[in-house]
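Letters A, B and C mark the chains in the order given here, with residues in each chain numbered from 1 onward.
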Amino acid sequence: MDLQFLDIIPKSGPLFWGALYTLFVGLIACGVGIFVGTGLLLMRNSRFWLLRTFVGIYGSFIRGTPALVQILVFYYALAPLTGINIGPFTAGIMAVGFNSGAYVAEILRGGLSRIPKGQWEAAEALGLPKRKVWFKIILPQVFHSVIPLLVNEFTMVIKITPLLSTITLVELTRASQMLYNETFRPVEVLSLAALIYFIICFSISQFGEHLQRRSRKYRL
Amino acid sequence: MTFDYAAIWDNRDILINGVFNTLLISFIAIPIGILIGVLICMARISKRRLLHWPAIAYIELMRNIPLLILIFMMFYALPFYGIRLSGLTTGFVCLSIYGGAYFAEVFRGGVEAVPKGQFDAAKALGLKYGFYMRRVIFPQLYTYVFPPGTNIALTMIKESSLLSMITVAELTYAAHDINGRTFTPIETFATIALIYWIICTVFLKLTGMLQSHVHTDDLSNSMAIR
Amino acid sequence: METVHPPALNPTSDAPKVMVDIRHMNKFYGDFQVLTDINLTVHARERIVICGPSGSGKSTLIRCINRLEEHQDGDIVVDGIPLTEDVKNIDQIRSEVGMCFQQFNLFPHLTVMENCLLAPMSVRNMSRSAAEALARRYLEKVKIPDQAEKYPSQLSGGQQQRVAIARALCMQPRIMLFDEPTSALDPEMINEVLETMEELAREGMTMICVTHEMGFARKVADRVVFMDQGQIVESAAPKTFFGNPKNERTQKFLQQVLQH
């Protein structure tokens, strides 16, 4: 069978919008992930036993179940259970964001473990209260040291967004499914979709590596 | 609202079949993935350009497109070239070649983590490349490769859930199936989440026993597929 | 706000104010006893140098004074405030006691100026302009007024340690603790830090310094405390301490340190 990209490309507008939607969903989910991850990190280091246990269970659940199942649980189970009717968009973003949050928490934990003990001591010796120590001294350094990993995490999030096609979000994968069902040209359409994903993820991860190389600005 | 146990219990055969298929797919795809990983890694660290660059292209391609797209391409596009694979076969093939790229990166990371002095010593003894890689370097990889490798394998088990989208009757598909019959989404999806969790936790415990003295690098997660 | 210093230590006047009072203090790491029956009284404007072999517990001792380490029994009273579990007391003591560390521990993500502003603004609730004026004054005092906008990593080790001193001074502490402030420095930078410390001593700051710099001890200290194996072995004015040490362990230590 000969490839007919020239026929498909003029019709590939939906793929472009799908790609934008993917990026949009990915960005929001990543934001949710960073927020959740930071929360988990703080809870993990809390003096309350209950919070620390919760973080353990949460991490175990996220790492022990497929992202697809998490999305389905969010979409099908959470709304009837809580009585709040969240649409597929919110459910999808929440599921991906909460998934990412557990991994962001791991990344941040790695960063935290590399903060020298002296930073805590100096901050405490100055009499700074706990909250200030975390938000002014420790977290800025943790985030700075893990920026490349967080960028990488963004590509991870992009790579799980295709799963949202199962809950009817028209992101890039769903858009391409619709397009090849219409054109009967899965080879060309899927190749284009793969290329778009590749361009997005590859450029982001290269950017992350670039950051990694020059992230030595203010190391002691 | 009550939890409808009967819906799950009456359809236990479907679930059991699903679990069986999930385990089958994972435990065929993981070893093949490791094998592919070793080969690609060898090519990747080789100095011959004809091996080096294709390996990089393969790794980067696999790492930068979502697995679902790969699965769809295999399943929907290959038939146009006269290659018609069953869903299950597509599953094995996709998961292993996808996982293979990640395993290759893990092995490469391991080779780079082996102290340079080991290579120098092996070369100084006059050992040949193939020989010292096989007898000196690879045996030392274990420590560096096991924790992130476990992560990749674990992710492959989880990723097998994507095959439900091409109607492979694994665990997630089983849930859709049961839900379609009984309209009990909460029960079914909660149940399979629990089953996945048990499979993964048991897997981690087993591998944990194999590597009791190896420390998990907390950053290895960032390399894992999900 | 200008700190009013208590009257100078003068043996003939009535008793000067006690700044740090440690009584029968013991500290354990699990079963291991790191500090045994420590008794130490430091008066206002006194300069104490603590020395001893490594592992003798001298750093641990001064870290107990601002509760970076917990002690198990005995009492520590700092500037009239008893050091207990009470978080309020700990916070109050920490804002009265400045500390400099061996590894400087400047905050690498903040500029020199921001390092100095952080505590006065958030602990003392000072306005930015007041805190900045204060910071400039102390940066000038440690002789690095023109580096305020740089990041710590752009400074030499000696400069970093002087910034750390300025940062501590910005809280206008009544006591300064120095934990081996020159040990991590290249030899050519040690003097600039010691000079800063000497100047501080001349101005009447109450200081407790853990250091191996015996020259500094001789020149500045009112009292030298020698520690070994978690105990205070000897405590004397520098003249007696260096000229006529009583304890055998002190003699041995001094022989080793002063040999070259």
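Assorted remarks:
Everything below uses one rule, namely that a residue touches a chain if its C-beta (ideal position, glycine included) is under 8 Å from a C-beta of that chain, and two chains touch if they have at least 3 such contacts.
Bear in mind the structure is a predicted one, so any value in this text is a computation, not a measurement.
Between chain A and chain B, the least number of touching-chain steps is 1. Of all the chains shown, the one with its CA centroid nearest the global CA centroid is A.
By C-beta pair count, the most extensively touching chains are A-B. One simple way to say how far apart two chains are is to compare their mean CA positions; for chain A and chain B this gives 20 Å.
The centroid of the Cα atoms in chain A and the matching centroid in chain C are 46 Å apart. Chain B and chain C have centres, each the mean of its CA atoms, that are 56 Å apart.
If you check the complex, the residues on chain C that touch chain A are 66, 68, 91, 94-95, 97-99, 101, 103-109, 118-119, 122-123, 151-153, 164, 167-168, 171, 177.
Within the complex formed with chain A, the residues of chain B that make contact are 1, 60-61, 63-70, 72-73, 76-77, 80-81, 154, 158-162, 164-165, 172, 175, 179, 185-186, 189-190, 192-193, 196-197, 200-201, 204, 218-219, 221-222, 225-226.
Contact residues of chain A toward chain C in the complex are 116, 118-119, 121-129, 132, 136-137, 140-141, 144, 217-220. On the side of chain A, the complex with chain B involves touching residues 1, 60-61, 63-70, 72-73, 76-77, 80-81, 99, 103, 106-107, 109-110, 113, 149, 152-153, 155-156, 158-163, 165-166, 173, 177, 180, 186-187, 190-191, 193-194, 197-198, 201-202, 205.
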